[in-house]
Amino acid sequence: MRVGLFITCLADLLRPSLARAARTLLALTGAEVVVPRRQTCCGQPALNAGAPTAARTLALKLVREFADCDAVVLPSGSCAGTLRIHFPGLFTERPEAERRDIEALAARTHELAEFLERRLPEVPGRYAGRVTYHDSCSGLRELGVKQAPRALLARVPGLTLVEMANAEDCCGFGGTFALKYGAISAAICDRKCAAIRASGAGTVTGGDLGCLMHMAGRLQRTGDTTTRVLHWAELVAGTDGVQTWK
Amino acid sequence: MEVTSHRFRAAAAESLANTQLQRALARIPERFVAARARAAAEFGEFEQLRAAGAAIRERTLARLDVLLERFEAEAVRRGARVHWAVDAAEANRIVLDIARGHGVRRIVKSKSMVTEECALNDALETAGLEVLETDLGEYILQLARERPSHIIAPVIHKNREEVTELFSARHRRPRSTDIAALCQEAREILRPQFFAADMGITGANFLVAETGSVALFTNEGNGRLVTTLPRVHVAVAGIEKVVETLGELAALARLLPRSATGQAISNYFTLLTGVRGATESDGPEAFHIVLLDNGRSRLLGSELHPILRCIRCGACLNHCPVYQTVGGHAYGWVYPGPMGAVWTPALVGLERARELPEAATFCGQCQVACPVMIPLPDLLRRLRTRATAERLRPARERLALNLWGCAARHPRLYALLTALAARMLYRLGHRRGWVRRLPLAAGWTATRDFPAGEGRTAREVLRRERSG
Amino acid sequence: MSAREAILTRVRAATAGTRAPPAAEMIPRAAGTLTEDPLARFRRLAEASGSTLDEAASAAVPGCVAAYLKDAGLTHAAVVWPALAALPWTAAGIAAEARAPQTTDAIGITGAFCGIAETGTLLLLSAGDSPGATSLVPETHIALLPRERIVRDFEAAFARVHAERGALPRALAFISGPSRTADIEQTIVIGAHGPKRVHIILVG
């Protein structure tokens, strides 16, 4: 099986350790892992900014770049949701050939945890500590990702998973919302940060880098320099050499 | 009613700084979100009920012309008068004419968002009529000369001390900040007004086509008083509120209170058909129903069509992280929260409410909570698309989007720019791991630090590992 | 063109050619509605909505009402539905008047068309001998509900109205407990504009 890893633009720019973790974990499944070099962004910002034409262009670009992959895997619920849930809707009035390609892409798109859950033979990571998992909205409500990352985390020796209150509540990131309405976004995040601290876990994890950098940045700004923030894949792959956000 | 949605950003900032409001909003998760979740769990097949509710509403909308005509015929057969209003001004004129025709001086009202939409009270008061809101929340707002900030809990933004101030200034009775005592005071003050009124005005939660009936869901009992004691009853309803059968009404009766307050049923669910019979000692002698369009027919079949399913339960407000943070007034018109971010541009024009579809995180909680499964995030996305197409977004935003789009389409350029950005961020913040101020992303760094990254892009790192 | 024509013309144009989705095959009921004993469910949920319940044989109703009023420390002067005027109220020590209630009336005694087990709800129908105000204006509402008139759900209640009355009466009042408000600080207060007490006597 040939698996294409879509790094996602945020991991590309800000979190190479996540890309490395994702590639390591995918390789452990025995699949041939490729990272197409021309990949950029899935087009979610365009989609949500009301620029469907730009989003369609990037969608077709993805079709070409991942044409020879049996599966396209993303370490992000919202990017995977863009490919799987939103792309087909963008092409309902486009020529049949494009529609077919886009639907085929959607059908073989997987969020990383869903893909790994039944395929990962061993968990290389070790972690000493209590970890709480934040359910990012798109992964949870668009793709139904809830149990898979928790199941993977539970396999990490030394790691204790504790649930925070209202883990499914939005953290206030919301893509460009976080930039346009920074004050509201941060105020929403403060409720999430309080829930994280109240959980007693020293580490918070999740499946969407946008939410994670938002929570980590807010914790940092409000003087919390101890709570650690990591993508769950980094915990599962092993955090040696990974700079946690704290 | 004046639209101030263009002030969303400034109004939201005021809301964030208002600690009293923040304390009030903090009650929403337990009082509304958890209550709804408990009610849904107790019901059991709530998801199937939501699907049935959505189907009923779509079925109605697909035959709206037929059902409205049937409703009219049945209502008229039972002695009601049915009036049609193209817009708010016409609805107000009709209600005023009804009042004059019946020699009405005093009017009591039950809570109705559609009459807020029309600013009916202003129109009636300007014409010299006495109008009294009798829902406790609306009565408080009338004293305070404020708008509702929530469609089912209109005065959620006020605390008991503020109510005490308003009451003592108006009622001249001993002051109390006890909530039960305040409720009793309002009951005693308003009670004689129901008897003295010539006319009662209500909205309509639903209109039933097969019987020509108006359905109302209330808890306080003022809705029943307003439709039982005065000699004239006027119900104002949006044309989309019609359902065909009592069976469909029963299904929606299961959805509405559970979604709104977490109650299995409201205290009073009233079904009103026709006028007082010859032997009856109460009930209105005249029953007028005003069917208001005000932009709704334009939405039928449009890209915003699904919002017409809305049954005004308020669940999307309660579940919205933005509403929970800024409250209802920031939205600047009658309908706040996710449904308001669609209804407002849909009814008053996107150019007057362009901020609202932007002020959403697309978390999807509203869609999950909506009793009739309105895809609210999709509708907001469609409004954003229209705003972009109609050039309603600021030029710098369009420019940023175009530059980003251009880079994303050109992998080599993109690689170059991201490699530069990764290095720049690392230089700015590698010592702490965080950047405190980024001129190009001030919207972010005003409230959060920005990660400094690793100094290389992931694609550079992976390629190096592979070759090394 | 009249407003009516203008609106209907636009609606017709917009709905032309759209096909209505099929009617829902089965509307779910609240869990237990179709399986639980209706009387037991009615009692349970009526109490949950803040009503109090008692039961009495038909002949013992006035005495049962009097005992409730005494226990609750309430006046024995009541307004009753004309439909119930013939009951032996005076013998039980109740000064019952069959007339429209005024603000000063503290007790209202009514019958009920049926009880709905699904939510523990009373259904009262308006008519000359069963005015709506009696269940609404006084602070205490006492409802006499024949125990055989408890139906499972709203659909059954509508069907019964149709079967027994034909057309809908002017007002159907579905009542679930005493009136309440949570408008101030989302704190529930029992007794808003309607009754503060609802007492249901299951008769028979």
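Which chain is which? They are A, B and C, in the order written, and residues in each are numbered from 1.
In this section, a contact is a pair of C-beta atoms (placed from the backbone, for glycine too) under 8 Å apart; a residue touches a chain by one contact, two chains touch by 3 or more.
Please read all numbers here as calculations on a predicted model, not as lab measurements.
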Where chain B and chain C overlap in contact partners, by chain label: none
Closest chain to global C-alpha mean, per-chain Cα centroids: B
Farthest-lying chain, centroid of Cα atoms versus that of chain A: C
Chain B and chain C, separation of their C-alpha mean positions in angstrom: 29
Chain A and chain B: spacing of chain centres that average the CA atoms, whole Å: 32
Separation of chain A from chain C, taking each centre as the mean of its C-alpha atoms, in whole Å: 53
Chain B, residues touching no fewer than two other chains: none
In the complex, chain A residues that touch chain B: 7, 9, 11-20, 23, 35, 37-41, 43, 45-52, 54, 57-58, 61, 137-138, 141-142, 166, 169-170, 172-175, 177-189, 213-214, 216-218, 220-221, 243, 245
Contact footprint of chain B on chain C as seen in their complex: 2-4, 6-8, 10-12, 14-15, 18-24, 26-32, 45, 49, 99-100, 102-103, 119, 121, 126-129, 131-133, 136-137, 153-155, 158, 167-187, 189, 191-195
Touching residues on chain B, where the partner in the complex is chain A: 9, 12-13, 16, 29, 321-322, 324-326, 358-365, 367-368, 381, 383-389, 393, 397, 401, 404-405, 407-409, 411, 414, 418, 421-422, 425, 433-434, 436, 441, 443-444, 446-451, 453-454, 456-463, 465
Interface residues, chain B side, partner chain C - complex: 24, 27, 31-32, 42-46, 48-49, 51-52, 55-56, 58-59, 61-65, 68-69, 78, 84-86, 90, 134-137, 140, 153-156, 158-160, 163, 179-180, 182-184, 187, 190-192, 194-195, 211, 213, 219-222, 224-225, 227-229, 239, 246-247, 250-251, 253-254, 261, 264-283, 291, 293, 297-298, 300-302
